[in-house]
Every structure is written in structure tokens, then in C-alpha cells.
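Paired with chain B in one complex and with chain C in the other, chain A is shared by the two complexes that follow.
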Partner chain A sequence: MIRATLQALTSHWWRNPLQLFTLLAGLALATALWSGVQAINAEASASYDAAAATLGEGQFDQLTARDGGTIPQSTYVALRRAGWLVSPVIEGRLNGVRIVGLDPLTAPGGLGPVTVSDGVEIDTFLSGSGQVFGRAEVLNRLPDIDAERITAPDVAPGTVLTDIGLAQTLLETDGLTRMIVATEQPLGRPALQDIAPNLVRQVAQDGSDIGRLTDSFHLNLTAFGLLSFAVGIFIVNGAIGLAFEQRRPVVRTLRALGVPLRTLMALMAAELALMALVAGTIGVALGYVIASVLLPDVAATLQGLYGQTVAGTLQLRPVWWLSGLGIALGGTALAATAAFWRLAQMPLLAGGSRRALSMAAGRGARVQGGLAAVLLVLAAVLAFTADGLITGFALLGALLIGAALALPLILDRVLALAQSLSSGVRTQWFWADTRQQLPGLSLALAALLLAMAANVGVSTMVSSFRLTFVGFLDQRLASELYVTAEDAAQAQALTTYAAPRTDAILPIQSAMATVRDLPTEVFGARIGPTYTDNWTFLSAGPDPWQQVSDGTGILINEQLARRTGLAMNDMVPVGDSSFAVAGIYGDYGNPIGQAILSETVFAALYPDVIALRFGLRLPPDEVSDFRAALTRNVGIPDGAMINQAGIKQFSLDVFNRTFTVTTALNVLTLAVAGFAILMSLLTLAALRVPQLAPAWAMGMTRRSLGAIELIRAVMLAVFTAAVALPLGLALAWALLAVVNVAAFGWKLPMFLFPADYLRLGVFALGAAGLAALWPAWRLARTPPAALLQVFSNER
Partner chain B sequence: MNVKILILCLLPMTAMAQGFAGLGRDAQGFAVPQPDPQFSFPADHGAHPDYRIEWWYLTANMTGPDGTPYGLQWTLFRSAMAPETRDGWDDPQLWMGHAAVTTPDAHFVTERLARGGIGQAGVIADPFTAWIDDWQMTGIDDARLTASGPNFAYDVDLTATGPLVRQGDNGYSVKSAAGQASYYYSQPFYELTGTLTLPTGDVPITGTAWLDREWSSQPLADTQTGWDWFSLSFDTGDKLMGFQLRQTDGEDFTYATWITADGTPTPFQDGALRAIPLDNTEVAGRSVPTTWRVTLPDRGVDVTVTAINPLAWMDTSVPYWEGPVTVSGSHTGQGYLEMTGYE
Partner chain C sequence: MLLTISDLRKSYVTADARITVLDGVDLKMGAGETLALTGESGSGKSTLLHLVGGLDQADSGHIMLDGTDLTQLDDRARAGLRRGTVGVVFQQFNLIPSLRVVDNINFQARLAGRHDAAWCADLADRMGLTPQLNKYPEQLSGGQQQRVAIARTLAPRPRLVLADEPTGNLDEDTAATVLSLMLDLVRDTGAGLLMVTHSQILAAQMQRRVHLRKGRIA
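The block that comes next holds the complex of A and B.
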């Protein structure tokens, strides 16, 4: 019996291969977008984790030389002998590979490729020709060395780990780069200044600062993944619903023949689960393709934005397969619940005829409208009260779902209004018929709405970020040339040489301080037109730079202001002195607090800090010659100088890459939405023949009926776009003003990009029109016999 | 003592071949202890880099002003990956320090690891200095000893009131029937004064201490699984060092040195000393004997050795039990007990 029942059920798919395709393709696309985005995120996170785990960055305090140079090994021994539990690290580059040397005997637990408890391995690591650990492609880039190469995928990209002794040999140095300070220290240690006055302690950055920064980017991607998946689920829901509708006669017949409802439903569930698995597998594979195409750009973006190295190649992680298949199965179950519910409720012999897609049931519409209203009100309340990531996401969710639920009702009202305003039979029929079709199309239109809103929202966010950041770069990178001296002597030579030849020399010097428990980098600025002319403030007194120059004022970044609650004119203690907040400036992408004092005040507070970096102001066309002259006369290597234009260009490149990722995802989401429209229209086309036949019988040509179909699709897309634009802007606002502040501590100003929205609108209409073209063409080519048959079937 | 720890912890040992290659050298070129050693002081207080393992091992029984008993441990282990020493990070000499303070109801432990060659750890024979990080022991007859951990520290002065004592056969200490042996001498006659820093505050303490010096290259037989070691100071002024090596065949290899109050040692070969567990304590998820019956009939010794704190577990890279004990029975006194290999 089961076999015969299955045969009867599956015969439906043989007769409707297109529906089968819709179901599989929708689910596969949804899974692909979801798992692709997850794959990118997972790969990036794995890279940070590897970096953090192997280098102890973030989790432990670090000691570095005050002048940024190397630390003599004797300082390390002196610290250890004084009771400081520090572990030496040496870093350098060899053939472009970052060599990191660690001492496994003193490294805090969990750092380094081998630990004391690992057994024999440490012996080889420490002695003989040693070992280097790294990813295969990185190991291959190393020059010819004796050490044993060990492939270790967990090591940060572009990096090899080895013993500190071997690293010193490879890098031809006898100093250290930094030291890791163990969390637990013994009693009775002397102060750091007493042992190593030339070292500064950098407080561990809470472990998650790297994460917090890059999370901003991942947030975009995740939002995209989720929205794409939602769009995909709309399609699947539509396809499953339709398949169940169409199989009602089969179900009735089978049940009449004695197949228990339970068996029938179990078989249909098994059938769906199988399809979900097939589609899920295809989807994960597709997602892998998407991810591997996009990952190099994502890697480049993260590297450029945050200095995070992410491997450009993808590793196939089993967790994707699981999560991809899980999401496909879960999505299918979600989409099929309603269909199963209806099937279970169906009286034994009823439902033999296909249920015409009904007019929106009054009660159902009221429920839906009420739910939408509740969600939108909730979103409005959250917009004013949300102060954390969770509430931020709740706001996004309420906004999106509320809008999707409200869409059919809004469209219905708009159509009803148009109907009442129109005159003439044909126009009135057009509006009425459109309203009648709306329930069947509403899922597809909701998908389109979400896709467009996501596009508007995310592109507004990314573009706003770009504009803000470019302005920020203009402000921060005002100098034409940036030069780093190796030591104090070279810095002196540089300033002596450059003073008569440039318009201004701006030392870049900083020291770490703690302001209200927040680690803060204090800068000493040589105040001049470069600062007074270029800097813009989020809030500032009448003449902030004058106050700083007087030694009474301090400028602080937004992060410091937000996290410590400092406001204008509050007193900020730095060292032994206090300064009034004279201005607050935007400092995008910086995880820690920052403050600016005048050069004189800074020098009095931190007499030991010597400026080694300088910004030089000179006419842009003289930069190249001057750069060459610096190398020739002061001995500064070319690599220690950066052309401002170069930095800016690089930053813009980064954003262009971000746009590549964003655009690719935009196109994919729109394609999915277009696909949803196509499928809905194709489905409706067959069901609507009985409704169109009378219009044809009364004299409308098939051609004009087809044209009307096309116009209707485009018109509905226009209406949807009109709703999507404000929704997208609301989404962007929520992302920039709520989620970003909660996640990263700064608010991004929002800019509008009408040309982008227009282009997007055209794309969306194009997608809708394209999707409607084939159904319309099919309608125009429907044989008159098929239309006539409607009337005979009516009997 | 501590052979097992070193085998497990300082890893070169795990790959060790026990065979002999040439007179007095093993397969990796390490020197092997030979009978009838000629010690030369102060040179032999220093490190012997051509032997695989070595330690400077000090334990102390102390009392506070209110009579509370305390125990203290300070150990510096040396383990060589090759029989040589070099300047810089590629020195094959590795160093490990263990420090502990035991009170009747608490036990504080900490561990340090370092490489030789860079000055972070080492031993200089004259003037004697043994150090790892900020821990150090300076001087032999008049010594100062310091160590610190996250929740304890100590700083004590030691004065030797008796001579160095050679263990085993004139300093050649056999560890198995198969002939494994080490060089082994002790200074069991230290008077101690100083300060313990505990979470509850500083405690002035006085007491006695016992230093063991041992070095070797092939310490345990394959069939030996662990080790119970006693250093007991009787109220009569006599002292007893005894150990038993537990073997897989159920037989134990025992050895003892009877040390009179004037420092004259008498060795007792396998079988003379007996140590029988009387009571076990669950500690760190395993059962460890913390009360023993120790007998040495030749000297009329039949005593019960009881841990002052049965939970004196050394939670180090390779864990073991080490803590102060009291002695009752035919003789009374105090001492230290170390037990390894209880899995």
C-alpha cells in the first residue's frame, strides 16, 4: 500500500516538474545564501581565533619598548629574575612570512604549538634544527631552512610559529619584540619601572576588541544571510503550499481508497525531508562556491579595515554541512507546517476540487493586520529605547516581519483606492482582478520587499560608512607624507633636515593612559592649521584647539566619551593633571579611547616618550622628490615613508572591495526575489484560467490579457518598492544608530543615496517584469480551446 | 627521589635509551654514575650538564609562634636534552622549579620552567647560587632561600649544623636490582628561621631543613612504577632517609641510610627497610597512602608516619604528593614524605 501511495504522490512531481524545480531551487538558493555567508563569517572568525590563540593577542597584557624598538634579552631575564612572569616573543618577516618565535616553557597556557604537557614533541621543538608550524601554503613560502615544517591549520594565516631561539636565528636578531604578561603573578614583585623603565605595559584589550571591530563587518554579512534565507523560505513556503493544494484531489482519492491520514502525512513528510536534504546538499555546495568567490574580497576588506589577516582560501568545515542541512530541513518544516495543518483538518471527502485562491479572508486579514501593527509599534518603541545588541536585533526583526505582514494589507488598500478612483469597466476589472490575485502573490511580494529593503538598508549603511570614513581619512591623513624614524637620533636628523624644507612637521606621539578605567591612547599634537582647518567635531566648544593649546583643554574621541560618560567641559584626569573636555571627535574603527593634548603638555606628562613618527606638510607635487631626498640625506628607507595619497587610495580600495561583496549579495538576493515572483505567477497562471476565460469571452484579446498580466506585475513591484524604500531606510537607521552603537560604541552618521535607490528600483522592476514575461507570454499563447474548456468544466 | 616526575615531566627522558655505549656513557652520550665516586666541593654543588638529570631539593619542617606546624619545599630540577651546555636559547639544559608551603589545612604550590643559556635559571658552584626566575638559594653552609607564588612566598635563612652526608655507597646510590644508580648526597642538618607569606599574612617561623643533591642519567628501571620517599628526623638527633621503589612485579626495592646525630651514615640495602601503607586519602581523584608504618629492625625503628596535611598534592606539570609528616612509635620526630606514581 505504501508503495502504491508513494507512487501516486510522486506522480504529481512527474506531471509538474516545474513545481519540483521551484521547491528544490528555492530551498537550495536559500540554503546557499545562508551557508555561504556563514562560511565566510566562520572562516574569518576561525582566523582571528587562531591569531588570538597563537599569539596571545588580546587575552594577555603585553610589554613593549617605549620607543617601539626591540627589547634586549637581558631585560627579559632581569624581569624574570625580579619575579615578573613574562614570556618573550619575537616577530619579524622572512620572505613575506610573519615569523613568530615563542618560548613554550614560559608562554601562558594554551599559547604556542606545543606545551610542556604535550610530551616528546617539545624536545624536538626546542632542540636540534627545530620545527616551524604554519599553514601549508605559508610553510612553502619560507626559504630553505633546516627546521622541520609542520602543517598546522590553526596557526594564523601568513604566520609561522617556532621556538624563540630559532626565530632569532632566522630573523638575525638577538633582541625581543614584546613580552606576554601572565595573568597570575607571584607576590612581592617590584614595579615595572624599577626593573625595565624603557618598557610600557599594554593592558589586555578585553579579549574581544578585535572581534568587536570585525563584528561590524560580519554583522552586515549575517544580516544579509538571514534576509536571503527568509526570502528563500518564502519561496519554499509558496511551493509547498501549492503542491499541497494541487494534490488535494489525489489525497482525497487515496483516503477514499483507505489510506490512513497518518500514513499519508508521514509519507508526505518523508518526501519533503528527502527533498530538503537534496536541496540542502545542493545549497551547501552552492554556498561553498559563493563563499570561495567572495572570500578573497572579504579577506582583503578585513585586512585593510582592521589589519586582520584572514586566509584567502576556504576550508570545508563539517559544521557547515550540518548547519546548512539543518537550516534546509528546519526551513522546510517551517514552510510546510501550515500545509500539513490544513491537510489534517481536511474532511475525508471534501476538498476534491482545487480551492480557488480565495479572496483574502476577512478574519485572517484582521489577524495579520493586528500582528503587523503590534510588531511595527514594538519596532517604534524599540527605536527609542533599544540600548543593546539584543534589543537592536529585536528592533530589526520587529521592523522586517511587521512590514512583511503589513505589505499585503497596504497593497490591498492601495488597490481598493485605485479601484474606487477608476472609471471604465476594463480598468475597474483590472484593479479588482489584481486585488483578487494579491493573496497568491503576497508571499512573493513580501520576498521582494525584504530583498529590496535589505539592499537599501545595507547599501545605505556601507555607503554611509564609506563617506564618513573618507572624511575621517581626510581629517586624519592631512599630511602629505608620513615618515617613521628608526630611533631618536634619526628622528632628530629628520626634523633638522625637514624643518627648512617643509611647511610643517607634525610629530605623532602617544602614550597609554587609563581614563576612568578605559585604556586610552593620549596623543601630543603640534597644533597648527593642519589641525585647526581640517578637524571636524561631533561636539565642541567655540575654539577647541585654542583650549588645547592653552593647556586647559583636551579632545577626546567618541568611544571614550560614550563609554566613560564624559561630556563637554567635564574634567579628564591624565597623569597628575586634569583637563576640560574641549571637543569630542569621531574616531571610527578605533577600539580604545583616545585623547589629544598639546605637544607641550604631553611632553611635560610623558617626558620619556620620543616621537618617531612624523607627518610632513609640503606641496603634493614635491612629495616624490622630497621622499627620495630623505632616503638619500637622512637614510630613511623608502618603506618607512607613506604617501598620504597612497593610504587613501588603499582605504578606498578596501571600500571598493566591500562594495563588491555587498553588490554580489544584492544581486543574489534580488535574483531570489525575482525567482519567487516568477514561480508565483506561473502557479497563478494555471489557476487563473477560469477567471480570465470570461474576460476573453467578452472580447478581450489574449494578447491584451497577457499585456495586462505584465503591467500588473510591474505595478505591484512599483508599489512594493514604494514600501521597501522607507523600510530599507528605517533598517539602515537601525543598523547605524542602534546596532552599531551597541556593538562598537560609535554612531555612524547616515547619508542618503537617491541615485542608488533609483537604480535599485529599476533593477527590482526589471526583475519583476522579467519574472512576469514568461507567464504573460504563455497566457497570450493559451489556446482558445483551453479557455473555452473552462466553461464546459464549469458544468 | 623524584625520578618518576622527571621522567614524565622533563621530556627528553621519555625517549631515553637505557643502554650503555662505551665506558661511563649511554647511547646519547650522557655520563653514567660509576661506583665509588670522588666528589669535589664546592664544584659538585654546581650543575653537571653531562648528566641527564639533577636536582637541588630542599624540604623543611617548621613551626609558627603559636606552635602550628608548617612544611616548605624548594626544588630546582635540571634536565638535559643533550650532554652539554651552550649560551643562548639553544642551550639543551632545561630547568624546572617547584615551591610549596604546607599548613595543617592548606597547601600552596607553584611551578616555574626555564631554559638555561640565557641566565633565567642555573646553578653556580662557587659562590653557590641556584636560581630560577626570582627564586634562589644562595650559599651552602649559610644559605638564604626564597620563592614566591601567586598566593604565597617565603624568605628563610639556613645554617648547617652538621656535615654533608653521602647516601648509598659513599654517594653512589643504587636504585634497582638491575643496577640503575645516581650520585646522591645530602645536607640534613639545617637550622631554619624566616618568614612565610600566606594569604592570611606573614608568619615568622623556625625549624629544620634537609637538602638533597642527586644527579644521574638512567635513574629508574622500566619495571619501577613509583616511589615512596621518607626523610625523617628523630628527636634523638638521628635521621633516617629511606625509599621504596614500587615495581610492577609487586616486589619493592628499598634502601635506607641511617644518619647519626654527628652525621655518620650507615647504608641499608634492599629489604632492610619496610614501608607499609596504613591509611589512604582521596586526593585529586586518586587514593594516596598518607599514613605509613616504617620499620628498620636493625635500628629498632618501628614508627607510624602521618601526613600533617593529607591533601598536600603537588598540582604541577606532572602531579605528585609531597608534604610534612609527624613520626610516632619507637621513635618520635618529624620529616617529609614524597610519593610519586599514584595514578
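The block that comes next holds the complex of A and C.
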């Protein structure tokens, strides 16, 4: 019985390969988009984890020099003798490779892949020519050294690990970069201030968690992946729903011939699960291709934006291909639930007529409308009350699902209105016929809605981010040349040389402080036109720089304001003094608090801090010559000077790469939605013949019927686009103003890009038109015999 | 006795009222007997056929088929009964469109676990379907499709064949041919035949005729 039943069930697919293709392709595409994005995220996260494990960042407190320079080895010895359990780290670059020197004997357990318990030959590691660990491609970039090169895939990308002594030799330095503080410390040890007053302790969560910097990017990618998957699920749902509807007569026959309902459902579920596995495997493979193509851009983007190195090549990580298969199976189960429910409820003697076109009718439509209303009201409430990531995502979910559910009802009302306003018989028939076709197309249109909304939302977010960030760079990188001196003496020489030859010298100096328990980086600014002319504020008094200059005011970044609840004119204690908040400025991408005082006040508060970095103002056309002069006369290496134009260009390049990624995902999502429309129209084509035959019999040509089908698809896409635009903007707003604030503590201003939306609308209409072209062409070429068959069947 | 129906009742609830379709039907039928069930539209003919075929459940009464009371069986057991003991020929043919003719003919016998290739080939031959075996149902005429349906029903050699207006979709000549073939084959297999029909001509070809009126045997 089972074999015969399986043969009957599977034969349906062989006789209807288009339906099989729709189902497999829809599921594969949905899985591909999801797993592609997940692959990128998984790869990047793995790189962060490796980096964090290697460098000890984020896990342990760290000691760094207060002036940002190196730490003498004697300070380390003094701390160890005083009982402090610290481990030295030295970092530097050699041939573009990040060299990290560790002391495996004092490093806290679990720090990096190189631990004694891993079977590393500790004697070799510590003595003789030593060992260096890293990825093969990184080891190859090292110059000729005596140390043994050992391939270690777990080491962070672009990094090699070695013993601290060897690192000092390779980097030609004696000092330490930082020290890692073990979690457990002996009681009664002297205070840090007493032994090493020139060191500052950064607590584990102190902005050293590099993952937080890139979470915004990943959050957006994950949101995009979910949206893409939702689009795919709509396709799968449509394909499964229609396949079940078309197999209803067969199901009835099988049951009438003696196949028990449970057996039938179990076999159909197994059949679907098999298809989900096949499609999921194809989807994961496609996702791998997508991720492989996009990952170099993503890696470059993250490295450029946040200085975080991500491997530019993809590894087959079980976490994402398993999640890809899981999501394919889960998505199929989700999409098939309603179809199975209807099947289980179907009486044996129910009519075998196709009900695909009545899915949104009657009670179902009322329930759908009610659910849509509830979700949209929930979204509206959450828009004003959401203050965390979970509620932020709940807002996104309620908004998108509510809109997708409401779309067929909105379109039905619009079409009914058009029908009532039309007077010609043909136009009345057109509107009525479109309404009749709407239920069968609603899933594909919902997919198009989500795809377009995702496009609008993500494009708006990325473009707003770009615009804000470029403006932010203009503000922050106002100086034409940035120079870093090696030490105080060179800094002095630099200022002496540059003073008469430049318009202004702006020292960049900072110190760590704690404001209302939040770690805060305090800067001392030499206030002048560079600041007063270029800086913009989220909120500020009448003359914020004057207040700072007077020594009564302080400027704080948005993160500090939001996290500590500081508002304008509130008093901010720094050291022994207090200052009134004179202005709050945007500080995008910075995970920690920041505050700005005048140079004079800063010097009084932090007399030991010596500025080593400077921004120099001079005419842009003199930058190259002056740069050469600085090298020649002050001895500053060229690598220690950065041209402002170069930084801006680099930043723009980074954004362009970001755009490459988002544009690629946008195009893919839109293509998936176009595919959904194509498949729905093709699947519905057989059902359309009986509906169109009477119109043909009454005098409409097959050619005009085909043209009407095409116009109908484009017109429905136009209506859908009209709903998608506000939905996409709402999505962008939710991402920028709710999710981003909840996740990162800063709000991005939202800008509108009408030209982009217009272009997207044209693309979407093009996709819908292209999708409708083939079905319309097929319809226009329907043989008269097939149309006549409709009437003979009726007879 | 192959079939004994006693005091069988069935009603349906609509939005407005409760409609009694069968109101205490009593009927007996011997093995190998052919019986025509006639009556006006709405008299309950098809409902009775569906109950005997285990396609629907009675409100009360009993249907003893080959020693088994159908009214006491659950869905799974009734499905088992339909696989082997009873064969149903529908007015709409209800072939499986994605299977070839040969697979459709073999289908129910395979479901019942009683597939006999020689017998199925013989059925196809006697139905004049041998040249059509590799075609799909949509490529056949209505008469040919109904012949496939009859061959499929007889392939597992059921004890009782139920036919609901089996020639209702066919023209008179084709209907006569199809019925003649069905009667021959039913006779050869020793099965009983209970056929619902409006046609007095077709009913006259049966051994016995029962008229149903307002849910009762007239």
C-alpha cells in the first residue's frame, strides 16, 4: 500500500515539473539567502572569537600606559614582585602582519590557541629560535626569520603568535604594549597607583570588546537575512499551498480507494521533508557561493570601519550549514502547516474542486484582517515603547507580518473601488477578474511587498549611515594632516617646526576617566575655528565652545548622555572639578563615553598626559610638500602622517564596499520576489483558462487577453510598491531609531532618498513585468481547442 | 448474505435545518447479485452508497458486509475495507491523473496487496484498453476513462462493487457498452453489484431493482 501510494503521490511532481521546480527553487532560494548571510556572520564572528582569544581582549582587565605609549619592562617586574598576577603582551606590525608576543607561563588560562596544555613544545617556544603560530597565508608573509613556523588555523586572521622575547626581537622594541590582568588576584596587594601610576586599568567590558563595534553591521545583515528568508517562505508557502490544492482530488481518490488519512499525511510529510532536505542542500550550496562572493567585501568593510580583521575566505562551518538545513526543514514545516491542517479537516466526500482562488474569502479573510490589525496596532504601540533589542525585533516582526497579512485586503478594497468607479464593460470585467485572481497571487505579492520594503528599509538605513558618517568625518577630520610623534621630544620638535608654517596645530590628547560609573575618554581640545566652524551638535546651548573655553562647560557624546542620563546643563564631575554639559554630539560607532574639555582645563586635570598626535591646518595644496619637510626636518616617518583626503577617500571606499554587499542582497531579494510572481502566475495559468475562456468566447482576442495579464501583474506591483514604500520607511525608522539605540546606545538620523526609491520602484515593476511576460505569452498562445475544452468539460 | 442493511439513518445539518436523507433503510443483497438503486434526486441513493462503501458514517442502524458491521469500524478499518472488500466506481471516474493507464488499473490491487499482473492485463484487454496502457488519463475519452476506473475497481477482485451513476457522464451508446462490460466482469468475478442510476434502461439490466423515496425503500 505504501509503495503504491508513494508512487501516486510522487507521480504528481513528475507530471507537474513546474510545481516541483517552484517548490524546490523557492525553498532553495530562501535557504540560500538565509545561509549566505549566516555564513558571513559566522565567519566574521569566528574571526572575532579567534582575535579575542588571541589578544585577551574583552575577557580580562588590561593595564595600558596612561599616555598611550609603551610600558617599560621594569614596571612589569615591579607589579609581579608586588603580587599582581599580570601577563605581558607586546604587539606590533611586521610586513603588514600583526605580531603578538605572549608569555605562556603567566598568561591566564584559555588565552589564545597557544597554551601549554595544547602540547606545544614549551622549551622550543620559549627558547632557542622559538616558534611562531598563525594561519598558513599569514606565516608566508613573514620575512626570513629563524623561528619555526607552525600553522594554526585558530589564530586570528592577519596575526601571528609567538613568545614575547621573540616578538621584541622581531619588532625591535624593549617595551610592552599592555598587560593582561588575571581574574583572580591575591588579597592585600598594593594599589596600582602606588606601583605604576603611569598605568591605567581598563576593565574587561571597557570598549575592548571588538565584537560590539561590528555588531551593528551584523545585526543589519541578520535582519536582512531574516527578511530574505521571510520572502522565501512566502514563496514556499504559496508553492506548497497550491500543490496541495491541486492534489486535493488525488487525495480524495486515494482515501476513497482505501488509503488511511494518517498514512497519507505521514507519506506527504515525508515527501516534503525529503524535498526540504534536497532544496536545503542546494540552498546551502548557493548560500556558500553568495557568501564567498560577498565575504571579501564584507571583510574589507569591517576592517575599514572598525579595524577588525576578518578572513577573506570562507570555511565550511557546521553551525551555518546545519542551520541552513534546519531552517529549510523548519520553513517547509511552517509553510506546510496550514496545508496539512486543511487536508486533515477535509471531509472524504468534499468536492474535489480547486479552492486555491477562494483562500482569502469569507471567514478566512476576516480572521486575516483581524490578525493584521492586531499586529499593526502592536507595532504602533511598540514604536513608542520599545526600549530593548527583543522589543525592537518584535516591532519589526509585527510591522512586517501585519503589513503582509493586510496587503491582500488593502488591494481587494482598492480593486473594488476601481471596479465601482469604472463604467466600461471591459474595465469592469478587468477589475472584477483581477479581484478574483488576487487570492492566488496574494502570497507572491506579499513576498514582493517584503522584498521591496526590505530594499527601501536597508537602503535608507545604509544611505543614512553613509551620509551621517561622511558628515561626521568632515567634522572629525577637519585638519588637513594628522601626525603622530614617537615621543615627547619629537612632539616638541614638531610643534616648534610647524607653528610658524601652519595655520593651526591641534593636539589630540586624551585620558580615561569615569563619569557616573561609565568609562569615559576625556579629550583636551585647543579651541579655535576648526572646532567652532565644523562641529555640529545633537543638542547644544547658544555658544557651547565658548563655555568649554571658559572652563565652565563640557561637551559629551551621545553614548555618554544616553547611558548616564546626562542632559544639557547637568553637572559632570571629572577629577576634582565639575562642568556643565554645554553640548551633546553624535559619535557614531564609538562604544564608550567621550567628553571634551578645553586644552587648558585638560592640562590642569591631567598634567602627565603629553600630546603625541596632532592635527595640522594648512592649505590643502601644501600638504604634500609640508609632509616631506616634516620627514626631512623633524624626522617623522611618512607612515606616521595621514592625509585627511586619504582618510576620507578610504572611508568612502569602505562605504562603497558596504553598498556592494547591500546592493547584492537587495538585487537577490528582489529577484526572489520576481521569481515568486513568475511561479504563482505559471501555477495559476492552468486555472486561468476556464476563467478567460468565456471572455474569449465573447469576442476578446487571445492576444488582448495576454496583454491584459501583463498589465494586471504590473498594476498589482504598482499597488504593492505604494504600500511597500511607507512600510520600508517604517522599517528603516525602526532599525535606526529603536534597534540601533537599544543595541548600541546611539541613534542615527534618518534621511530620505526619493531618487533611490524611484529607481527601486522601476526595478520592482520591471521584475513583475518580466515575471508576467512568459505566462502572458503562453496565455496569448493558448490553442483555441484548449479554450473550447472548457465548455465541453462543462457540458 | 453479502450485505444486510437494517434501520439505517442519516441526516445532515444545514444552516437552516436538519435534513433527513435516510430514514430507516432496510436492504439485503446476496453474493454475486446485481441490484439497481433508483430514486429521485435527493432521495438518498448516493448517501446510501457512500455509507455502504465506508466513505461516510451513519447516524444509526447497521450495515453488515460479509460478516462485518461497518457502523462499528473506525476510519482506518473502513479504509481497509475499501481497499479490498469493496470497490467503488464513481461518476467522475476519479482516476489519478499523474499515473499512466496501466498504473491506474493496477493501483487498487496493489493497495490491497492482491496484485495479479495477468488478471490486470486480462481486464485491460477485455476493456479494450491495451493500446492505451501507456497513456495518461487526460489523453483518453470519457468512456475510456470510465473503463479504466472499472478495471481498477475489479482488479483486487472485491466482494462488492458499488457504482454511483457510472455512465452518467457518457453518451448512450458508450454507456451501454461500458455497462455491458462491467456486468460481464462482475459476473465473472462473482462480485455483487450495487448500482445507483437514474436510467430505467440501465436498471432493467440488473437482477433486482430497489426504489428509494424520501429516504426509505419504496
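Observations on the model:
Simple rule for what comes next: the second predicted complex is superposed on the first by the 767 of 795 C-alpha atoms of A that agree within 3 Å, B and C clash if a C-alpha of one lies under 4 Å from a C-alpha of the other, contacts with A are read in each partner's own complex, and residues count from 1 in each chain.
We take it that contacts are C-beta pairs under 8 Å (C-beta built on N, C-alpha and C of every residue); 3 or more make two chains touch, one makes a residue touch a chain.
Note that the structure is a prediction, hence the values are computed from the model and not measured.
Once chain A of one complex is fitted onto chain A of the other, the partner contacts of A:Asp163 are limited to chain B, with no touch recorded for chain C. When the shared chain is aligned, chain C comes close enough to touch A:Trp14, but chain B does not.
In the superposition on chain A, A:Arg262 makes contact with chain C only, not with chain B. Of the two partner chains, chain C is the only one that A:Val250 touches; chain B does not reach it. In the superposition on chain A, A:Pro529 makes contact with neither chain B nor chain C.
In the superposition on chain A, A:Pro784 makes contact with neither chain B nor chain C. Of the two partner chains, chain C is the only one that A:Met1 touches; chain B does not reach it. Note for the complex: chain B touches chain A at residues 9, 11-12, 14-15, 81-82, 88-90, 92, 94, 110, 113-115, 118-120, 131, 133-134, 148-153, 197, 317. Per the touch definition, chain C reaches chain A in the complex via residues 50, 53, 55-56, 75-76, 79-84, 88, 90, 92, 94-99, 103, 107-108, 110-113, 136.
Only residues 1, 3-5, 7-8, 11-12, 14-16, 249-250, 252-262, 348-349, 352 of chain A touch chain C when the two sit together in their complex.
Interface residues of chain A, counted against chain B in their complex, comprise 73-74, 76-77, 80-83, 85, 103, 105-106, 116-117, 119-120, 122-123, 126-127, 163-165, 168, 184-189.
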